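In what follows, chain A forms one complex with chain B and a second complex with chain C.
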Partner chain A sequence: MRPPVARRWLATPSFRALLALAFVVVLGCVFNADGAFFHWSTHRDMLRQVSVYGILACGMTLVIISGGIDLSVGSVVGLCAVLFARQTLHQGESAAVALGLVIAAGTAIGLASGTLVARFRVQPFVATLAMMVFARGLAKWISGGQKISQAIQQPDGSFAYEDLPAIFQRIDRRILWGNLSVVTLVFLGCVLVSWVVLAKLRYGRYLYATGGNEEAARLSGVPIARTKLLAYGLSGLFGAVAGICQAAQEQQGDPEAGSTYELTAIAIAVIGGNNLMGGRGGIGLTLLGALTIGYLEKILSINAVGESSRLMLTGAIIVAAVLLQRRGNA
Partner chain B sequence: MHKPILSLLALAALSASAAPASPRHGDKWIVGMSQCNLGEPWRVQMNADIRKAAEAHPEIELVFKDAQNDTLRQRSQIEEFINAGVDLLIVSPKEAAPLTPPVAAAFSHGIPVIVLDRKVLGNDFTQFIGADNRRIGRAAGDWAVRRLLALPRVKDGGRARMVELTGLMTSTPGQDRLAGFHAALQGQPVDIVFSADTQWLEPQARAEMESALAVNPQIDLVYAHNDPAAHGAYLAAKSASREKDIIFIGIDGLPQEGQVYVRQGLLEASFEYPTGGREAVESALKILNGDAVPRQVTLNSRFFTRDTVASGGKWLP
Partner chain C sequence: MPARLLALRQIGKLFGSNRVLEGVSLDLNEGEVHILAGENGAGKSTLIKILAGIHTEYEGAIELRGRPVRFAGPRDANRAGISVIHQELSLIDAMSLVDNIHLGRESALHGGLWLDRKGQAGRALELCRQLDLDFTAADLARPVEQFPLSTKNLIEIAKALAFDARILVMDEPTSALSRAEVERLFALVDALKRRGCGILYITHKMDEIYQLADRITVLRDGRWVGTAPAAECPESRLIQWMIGRDLAPQSGPRPDAAGGGTAGRVLEVRGLRVPHPLPGRPPAISDFSIAVNAGEIVGIAGLQGSGGAELFQGLFGAYGAVCGGSVRMDGSPFRPESPARSIRRGLSYLTADRKASGLVPAMSVEHNVTLASLSRVSPGGVLRPGRERAGAARQVEALGIRLASLEQAVGTLSGGNQQKVVLAKWLETLPKVLLLEEPTRGVDIGSKSEIHSLMRQWTSAGMAILLISSELPELLLLSDRILALHRGAVTAEFARGEATPERILAAAMGSAARASEGCA
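Right, the complex of A and B next:
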C-alpha cells in the first residue's frame, strides 16, 4: 500500500530537517531579545557567522556520503588562513596568486588524506586525525607560532605596519545594500558546487554508491579509490576557501584558527540528517543543518545566555532537534 | 604589600636556594624552560622575551619545552628536566595544584626554580615572578570610568552603557580582570548592558559583539579581557557602521597586537600584561652567580593610549 503523497513527504529527511530548523526559529521568536530577532541584521550576522562552518560542512558532507569522515578540516582552516595572510601581507603577492596557492595547498592536504584512505586503506578517522595534527603543526611552523598580521617585526625587534590588502576588505564586506555578507555568498556558492557534484554529475552517484555499499559499488565498476580520493580533495579545497574567509574576517592569519571547527562541521551535517554511515544524505540537508546551528548560537547569544547554560542548552537542543527528525521515521 | 613580610620571605629564599657554583655540564649553564602552552600569542611572546634576554649572555643555554596545554605533559617535561640535571628551571605552570609536586621535586634536587606568571602551592621554589591581573583590571576600570564620565550625556546626569567581553571565565586571569574592573565601577553611573564569554577568541568576540549591537542601540564603551577580543568587537561595530560611537579598550598590550590596534586608532587603550620573560632571565643569572633574589616579584605594567603608544606607554599609577 502506498501512503498518501503528503504522508510520504512528511517522512522525507528534508522535511524532518526543516522541522528541526523551525523548532529553533520558533525558539528565536519566543526569546526574541526585545525584538532583536525580528531585525534582518540579526539574520544577516547569523549567516555571516555560520558561513565558515557551513563551507567546511559542504566538504564534510561529500566525505560523509562516501562513507568517511574528515577531521582535518579545522587545521586546514588554520593552515590556509596563515598561508593566505603570509602571501598577501608579508610577501606582498597579488590576491589572485595567493588565492590560487592557498587553494592548491588545502586541496593537497585533502588529497594526502585521500591517498592514505583510498590507496593505503588507513581508516578515515585515523588518517584525517593524523592530518589534523600534521596540518596544525605546519600552520605553526609557517607562522613561527605567531599570528600573521599587519604588524611585521623588523630585524631590530620593532614593528612596522603594512596596509591591509584590498582582498581582505573585498571578502569581508556586504553586498545588496549591506544586506548580505560576501562570505555568506561564498558559502552559498560552495553549497551550489556540492549540489552539482552530488545531484548532477556521475561522480555524485559514485559517492553515494561507495558510501552505501563499497563492495557492491566495486563490483558494478565504480572506481572506489578515485572516488574517495576526490572526496577528500574537495574537502581540503573547501577547507582552504573557509581558511581564506576566516583570515579575511580576522584581518590576520592565526595559526590556532579553526580548532574544533571540524566538530561543528560534523554537527551541521548530522543535524541536517546526513547519515554518518555513508551512502545517504544531501547538501540541502547540510544547508538546513547550518541554519539550525547558526540560529541556535545566535539566539543564545542575543539573549546573553551564560557560558555554562549555553553549553548545556546547545547539547539539549541538538538532541531535541535530532529526536524531532526521527519522529515519523519509526 | 607588606614590606617586612616580603623581606622575611626573601631571607628564607636566601637560605633555601643553594645555587650550584659551576655548571653541571661543560662550561655553559643549562636553563630549562617549561611553557604550559604555545597556542597563545602572549606565551609565544614570553618565550621570545626569554630568548632575547638570553642572547646577551652566551654563558647560558636555553632548552624550551611546550606542554601543549596539558597538565600531565608539563609534569613529565619538568621530570625530564630534573633527570637531565639542568642548572636552573623556569616554569610557567598550567595550574597550581597538580604541578606543585614536580616543581617541588626539582627544587629538592637542588635545582633553583623560577615560577612565571601562574603560581604553584607551598614554598618549594626559588622565586615567583608575575603580574597582577586584578590590579590591571582595576586600572582599566578606573580609566574607563574617567573616560565615560567625560561624555556629555553622562555629564548631564545620564548613565553610561558598556559591554564586557570576558576571557575564559573558568580561568583565573578572566576572573581577576573582571573583579578588578567591576571594583572600579562601584557606585559609578555605568551599566554593563551586555556581557559574554569569548574564551579569549577573536571570532567569538566578533559574533558576541554583533549580538550586543543588535540588542543595544546605545553602547558607549567595550571592555574586552584581551586585545584580540577587543579587535573582534571593533570589526563587528565597524561592520555595523557604529565603531565611531564606541570606545574600545583591551588588555595584554603585546607589541604586535594591542599596541598596533592603539596606533591604528581602533582601540583607545590597551593595558599591558607583562610576560616577565626578561626579568626571569635576569633573576636566573643572579641565582646562578649565587646572588640572593626576592621570593616574589610583582611586575609593574604599562598602558598604551593614542598619545603614549609611540613613546612606549605609561606605567600604571
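Right, the complex of A and C next:
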C-alpha cells in the first residue's frame, strides 16, 4: 500500500518550502491593505527589496551545505559599499576598475575566513564572527566613520557635491518598461551561478559530501580544505556583489550598511529548508526562502505595522513557517 | 514455566511507502536468551527500535508482563525496564564514564537540582566491579573517547544495567570485541540470565547463536518466519529460514594465485613505519614489509590494537605524508601522501566503520557510488549525469545491491546493502590494490557470502586485496597467505596450507602470549 500522493509530496523539501511561501502569500491575500497586495508594483518592489538579502543567502547556502556558517557577510556588505562609493565618488575611478577592486576585496575577506576554517580549523562560527567584527572595523577605517556620499567636505568646512557616477544609476534602475529591477536581475544571476555550482559542477558535489560526512569525503579523495576555502570565498564574493547593490540603492557608502543582514540571509536559507547541519539543501530552496521572507516584510510594511510589532511578528512567522515545513518530516 | 516478561503482538511498520515489518509476534521469558536472527534488511533493527521507544508509530501491540504498553520515547522504555545496546554505541564521547552510565537518569540531591556526583561515582564503581571491569575512580572520570571501542561496548552494558533493566536487547554486541572480551560478555549474559533478566540478542555469528540461545526467532523481509527452541533448530534449518533457500556451498581452497615471481607484483612495502595518530605514543606500525602480486588476497590477522587499521590508514595516506620506509606500486616508487593521490595510483581503502567514514548518508546511492571517482564522470569539473548514472547502475547491478532507485538516500538501505554501496564506491575507482578492513562487519550471512565471492571474482580479474578481519574463519577461507600482526610488527607469515586458527592466534598474541588483555 502506498501512502496518498499528498503525503509523499509533503516529504520533499521543495514542496514544504513552497508550502511556507504559500502560507505567507495567503497571509498577504487576507491582509491585503485595501487591495495593495494585488498590485503588480507591490510584488516588483518586494523583489527589489529582497534582492540584496537574497544575494547574500546564495553564498550562505553554499557555506551551509558545506557544513559551515558565514556571519561575516553583513560586514562585507558594509565594507564593500564603502569601498565602492569611495573608489567611484572620491577617487573618481572608472566603474570597471572599482567593481573589480571591490569584488576582489569581498572575496579576500571570504578567503580569509575560509583559511581560518579550512587551514587552521577554527570553528566556522568563531572564525566568521571574528571576520564580521574585523570587516566592520575596516569599513569604518576606510570611511573615517562617515557615510561616503556625493557631498564631499572641503578643507574649509563647506561641502562640494560630486555628480553621481552613471554606474549607480545603472545598477539601481528598472528595465523591461519598469517591471524588473537590475538588482533583482543580479540576484537571479547569483541564484543561477549557485545552481550551476551545486548541481552541475564536481565542486558542488564536493560541498555536499564535505557537509554530509567530512571523514568519508576526505577518504574518498575530496579536497576538504580547498572545498571549504572556496565556499567562504564565494560567500565573500556574493557579499561584495550585495555591497555594490546596496551602495547603488542608497547612493552612498554607509559603513553601517548591512548590519544584521547575515541573520536575514541565514533566515532565508533556513526558512527555505536548508539544513544547518550541512550536506542537504539546494539553491531552489533558498530562492523560495527569499520570496517567503520578502513577502513577509512587504505584507507587514504595506499594512503599516510599527517596527516593534513587525520584528515580533517576523520572528513568530518564521517559527510558524519552519514548523509547518517540519510536519510530515517526523 | 518461567514468567513471560514481554510479548510483541502483530507488530507492523511503514517507512513512507516502504513496508519494513508486517505482523511480527515474539515473546521473551524470564531468564531466557532469545536470539533474533535474519538477514540484514529483515527488519530486526526496526523491531528493536519500536521496542526501545525510538519509533513510536507502529501497528500492533507491546505487552509487558501481560499489561499493554505504548512508549512515548526512549526514556519511557528505559523506565519500563528495557535497555537496548545498539550496534552503534550511544555513548557521548566527550562526557565522562560516570556521566555516561547515569545519562538520562542522574541521581539528584536537594529536591532534584543538584547532581549527586559522589553517589553516582560510587555506584558506577560498584557496577564496574560487578562486571569485572577493573576501572579506577580516576578512569571513571575520564571522557569515554579515551577508551578503545571494545571497552566502550562494555561501558554500554554497564549503562544498561545501571537502569535496572529487566529486558536487555543486544544488537550484535560482539562485532567489535576481541575473543577474551567476548568470553567476558558471555559470562555476563549468563549472570544476567540467573538474575531473571530476559535477553533479546541479535547476531550473525553461528557459534554465538548456539552458545547462547534458549530460543531462536527468524525474520525475513519484515515477516516472522519461525520460532523454535535452539535444540530443535539445527544450523541448516536456521539458514534455510533466514534466506529461504540453501546457501551455495562455500568454495573450497583457492588455487594458488599468480605464483611467487615478481612479474605480477603490484605492491611492495619495505620497512613501513606509521606513527601513532595520537602524539607521544610509540609508532602504530614499527616495521612492516610485504610484497603482493596481482590476483592475491593477503590476510592480516591481529587482535584489537595490533595496528592493522593504522597500517591501512598510513599506507593509504589518510594521515598525510608521515610514513617512513619505502613503497612501490606497479614497480615505481609511491609515497603515501593523501587519499586522493592513492586513489589515482590505484590504491583504495574500505574502512571498518561505514557509518563514520564510508558513507555520506544524506546523499543518494548514485552519488555515494561515484564519490571517489568523480573526476572520471566530470571532465573539466562539469558533471556528466549520463556517465555518472551508467557507472552507478553498473556497480549496483554487479554487486547485487537491492534498492528502490538510484536516487534513494543511502541511509535508508539495510546494513548489507550499505556495505555494498561503499564497496561499489571503491570499485568505481578501478583499484589495482584494495585494502579491506572488516568488509563483512555487521552484514548478514547472505550478503557476506556474496561479498566473499565478489572478492574472488575481483582477484581473478587481477586485483590484489589486503584483508583485515577479526573473524579467523573468514581470513582462513579467503586468504592466499596470512600475516600475523602484533603491536605494530609482523610476527609470523603463514602460507595457505599451514594456517590454522590456533597458530594464527598464537602469533597474533605475540611470542609471550598472554591469555588476557588489559581493557583500558
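Details
Criterion: the second predicted complex is superposed on the first by the 323 of 330 C-alpha atoms of A that agree within 3 Å, B and C clash if a C-alpha of one lies under 4 Å from a C-alpha of the other, contacts with A are read in each partner's own complex, and residues count from 1 in each chain.
Note that in this section contacts are C-beta pairs under 8 Å (C-beta built on N, C-alpha and C of every residue); 3 or more make two chains touch, one makes a residue touch a chain.
This one's a predicted model, so the numbers in the text were calculated from it and none came from an experiment.
On the shared subunit chain A, the superposed partners chain B and chain C are arranged side by side without overlap.
Judged by the touch definition given at the top, the superposed model places A:A11 against chain C, while chain B stays out of reach.
A simple residue count on chain A separates chain B from chain C, and the partner touching more is B.
Of the two partner chains placed by superposition, only chain C is touched by A:Y203; chain B is not.
Of the two partner chains placed by superposition, only chain B is touched by A:A36; chain C is not. By the document's definition of touching, of the two partners only chain B reaches A:Q251; chain C does not.
The three-chain arrangement built by superposing both structures on chain A places chain B and chain C 130° apart around the Cα centre of chain A, to the nearest 10.
With both structures placed on the common chain, the touch criterion links A:F159 to chain B but leaves chain C unconnected. Applying the stated contact rule after C-alpha superposition, one finds that A:E93 touches neither chain B nor chain C. When the two structures are aligned on the shared chain, A:K147 is found in touch with chain B, with no touch to chain C.
With chain A used as the common frame, the shortest Cα distance separating chain B from chain C works out to 33 Å.
On the side of chain A, the complex with chain C involves touching residues 1-3, 7-8, 11, 200-206, 208-209, 212-213, 215-223, 279-280.
Only residues 14, 16-17, 19, 316, 318, 338-340, 342-344, 349, 351, 356-363, 367, 371-372, 374-375, 378, 381-383, 425 of chain C touch chain A when the two sit together in their complex.
Residues of chain A that touch chain B in their complex: 33-34, 36, 39, 41-42, 45, 48-49, 140, 145-147, 149-151, 153, 157-159, 161, 172, 174, 246, 249-251, 254, 256-257, 297-298, 301-302, 304, 306-307.
Looking at the complex, you find that chain B touches chain A at residues 38-39, 41, 44, 52, 169, 194-197, 199, 202-203, 206-208, 210-211, 214-215, 231-232, 235, 239-240, 255-257, 259-260, 263-264.
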